[in-house]
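Look for subunit A in each of the two complexes below; its partner is subunit B in the first and subunit C in the second.
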Partner chain A sequence: MPMSRGVLCALAGFVLAVFSCPGPVVAGESGVASPSPVDAAPHIDAALAAPRIDAALAPYIVGAKRSGYVYALPETRAMQDDEIMNPGFAWVERGRGLWTEVEGANGKSCASCHGPVESMAGKAVSYPKWKASMNRPVTVERQINFCRVAAMKAEPWEHESPQLLAMTTLIKQQSRGLPMSMADDGPMREWIDRGKALYFARRGQLDMSCKHCHDDHPGEKLRAETLSQAHVNGFPTYRLGWQGLGSLHRRLETCYEQMRAETYPLGSDEYVALEIFLTDRGRGLPIETPSVRR
Partner chain B sequence: MADENKPRVRVPKTAKKGEIFEVKTSVTHPMENGSRKDKDGNVVPRNIINKLVVKYNGKDVFGGDFGTAVSANPFLSFHLKAEESGKIDLTWTDESGAVFTTTETITVEG
Partner chain C sequence: MFGKGAALLAVLLVLCSGAARSAEAPLPYQIVGKGVPVPLSGTPGNAENGRALVASRAGGNCLACHAAPIPEESDHGRVGPDLRGVGSRFGAAELRLRVVDPKVLHPDTMMPAFFRAEGLNEVAAPFRGQTILSAQEVEDVVAYLMTLK
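And then the complex of A and B:
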């Protein structure tokens, strides 16, 4: 510890000088030269450059991919991790109520076919998923409505309705901690490319694309906000700014609004394509639903 | 959606006599502050939770009067001292007169 000793000597010299101790005090008296600022600089640089990554964050980092959790403040992370503090769990509980609620002409509930909701464990990791019968990919939301219409003969829930949010959150929460692993072959390839084109397309009065924030400046500030890498593993997410839970499509809409661009309808093919591209881009990150973000 | 505003509470199942334990609670409530307008421009009437009463075996141990500065879906945590086994009742009242209650039980050992 040559440096700290040197610093101590220098400090002692300072204190003695202040108290006008007789006789000259030489910092190097102890035989260790006090470091010059030039010597100290590399040490400080190394400390600043060293990534301040907590071991608790390790599950949220996969290679260069960092979940939004990593960029969140410790207080926000603590909120997400505690089931009572995390307001998103209120939607999980509502979803539980809806799971066994009989609706529609067939007199069925979700539980009639699927049994307990725990049977959904691990299902959400492969969504959005190609559905050959519909000749299109389906999101968890769309699959829920497909079940409601086809199996239950009930009315589909509107996108962003409290019921659809609650059910989506409940189902995705069953896969909490499991890595996103959507299929990227066959017809899904085309949708990934379509989403990619949207991701890199400049839009709106600010003439920005998603890339200009989330690929170029993650971790940096946009006014008071910290930009993230735009991963989708935490959706539906409880946003403190919304004081409520919202879907990924609502978040995409918000981003488009912030770019002063025209938005697409929630659940539209454009948002589905972006969702597919972003899911592919964040492959391997654990599902965090319901996450808490600023 | 009958359990729309069901409060969520966490109380330890057991505690030693004299131990200080934490109670965490959260309730889903929009906490309308009365200055928001709906799609048609009509003012959404103010409706916030304005009272919480916590009773431990019927005795008042904690409570609060809330104002407009409290966020939607309020979360609270507080500490109680374990005296005897029994029930902890939480009662939230909002301005529309709705009352949300939950009862938790705790076993005090020793």
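And then the complex of A and C:
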């Protein structure tokens, strides 16, 4: 992907911003603050310093927006980039098998209507998408189940089931590298606002909102975790901590659990609204499915 | 560094009606200026236990956001200020308020109130009506922080 001058400038600005930040020092043996932050967190510097001059990051930075890819360790990024090493491609392959599998009373597979899966190229960039016939927005997951029920007369797949994860990953992977460009007009506006309200609402015993980590402190360390800007362009994502691939809704649930907050069912309107707000917020970032994260 | 509204909080009585994690009944506490001068419990804080609470994920988990002189723990957070020297920068009353409810001083902070059970939203059932730390644990943490000169 070509790198524009604007992107280069943004990258250079990021480098300066990070290097000029005094940053707290890490705990030493004594109770006295060390005057030198040089060895504060060598793993951070190793992780972020090298790629700061790495043109390969440019496609993952759009203005002030930085994909989680930018905050990932170099070895994690390398794993994502290599289709053999990227564990998420096991779900892509599984999805390919399901694409042509005939199911349901109508005796159809996905391929019966859509032909080869490559026909899905570019489709996922506009999701979640308003579906007038249902009078609601649909995620890729919900659209898949809509097809299964309406066109195939098959049972819908459970959210987070291996099948739904595999098919979602396969379909989104057909748009890998293309910028997210969901419609933000008409009835979608209301859903964006609903998700935004959730994003900024304090909740749980820890009484935090999403913005407290992801707007106020991206790039900073929360224990061993480097906080990201909470972009959704890589989902479903393979998380090393999960030893598996999961949906955005599962990730949202994990955040809520960490805040000791009530969670919602996966696929619920609350998570859909958050997904819509976050998709609008990350507009322009390229789809990375299946991404690999810590 | 304090919010301008803090000066208005000359004396504010806060009644904590929620149950603390421990069996003891939560005591009301009094904010005076920018601090809580009176300890929350009758037993003096135990700095050693406070240190363990600061480090423990199930306790205060302060290291999630703050660095502290606890070298046996790896991966100290860097989101909040380094705790080294915090006992020189603040007195016990000020530290106590910061642990009890830092939003009194900094309304937009991401730091949780460790001794508040009321006025929270969508708290998961196992934690509902409970403070993160008990009154005695707050005192233990304050006692530890006061050793960080």
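In this section, the second predicted complex is superposed on the first by the 242 of 294 C-alpha atoms of A that agree within 3 Å, B and C clash if a C-alpha of one lies under 4 Å from a C-alpha of the other, contacts with A are read in each partner's own complex, and residues count from 1 in each chain.
To be clear about the criterion, a contact is a pair of C-beta atoms (placed from the backbone, for glycine too) under 8 Å apart; a residue touches a chain by one contact, two chains touch by 3 or more.
Note that the structure is predicted; figures quoted are calculated from it, not measured.
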item	value
Which of subunit B and subunit C A:82 touches, first, second, both or neither	first
Contacts of A:221 with subunit B and subunit C, given as first, second, both or neither	second
Which of subunit B and subunit C A:111 touches, first, second, both or neither	neither
Which of subunit B and subunit C A:244 touches, first, second, both or neither	first
Touched partner set for A:57, first subunit B, second subunit C, both or neither	neither
Partner chain in contact with A:121 - subunit B first, subunit C second, else both or neither	neither
Residues of subunit A touched, compared between subunit B and subunit C (which is higher)	C
Residues of subunit A contacting subunit B in one complex and subunit C in the other	none
Subunit B-facing residues of subunit A, complex	82-85, 87, 89-90, 93-94, 97-98, 162-163, 243-244
Footprint of subunit C on subunit A - complex, ascending	23-33, 40-41, 201-208, 212-213, 216-217, 220-224, 227, 257, 260-263
Partner subunit A, residues of subunit B touching it in the complex	1-4, 6, 8-10, 24-26, 28, 71-73, 75, 77
Of subunit C, residues touching subunit A in the complex	63-65, 67-71, 73-79, 81-82, 84-85, 103, 110, 112-113, 116, 120-127, 130, 132, 147-149
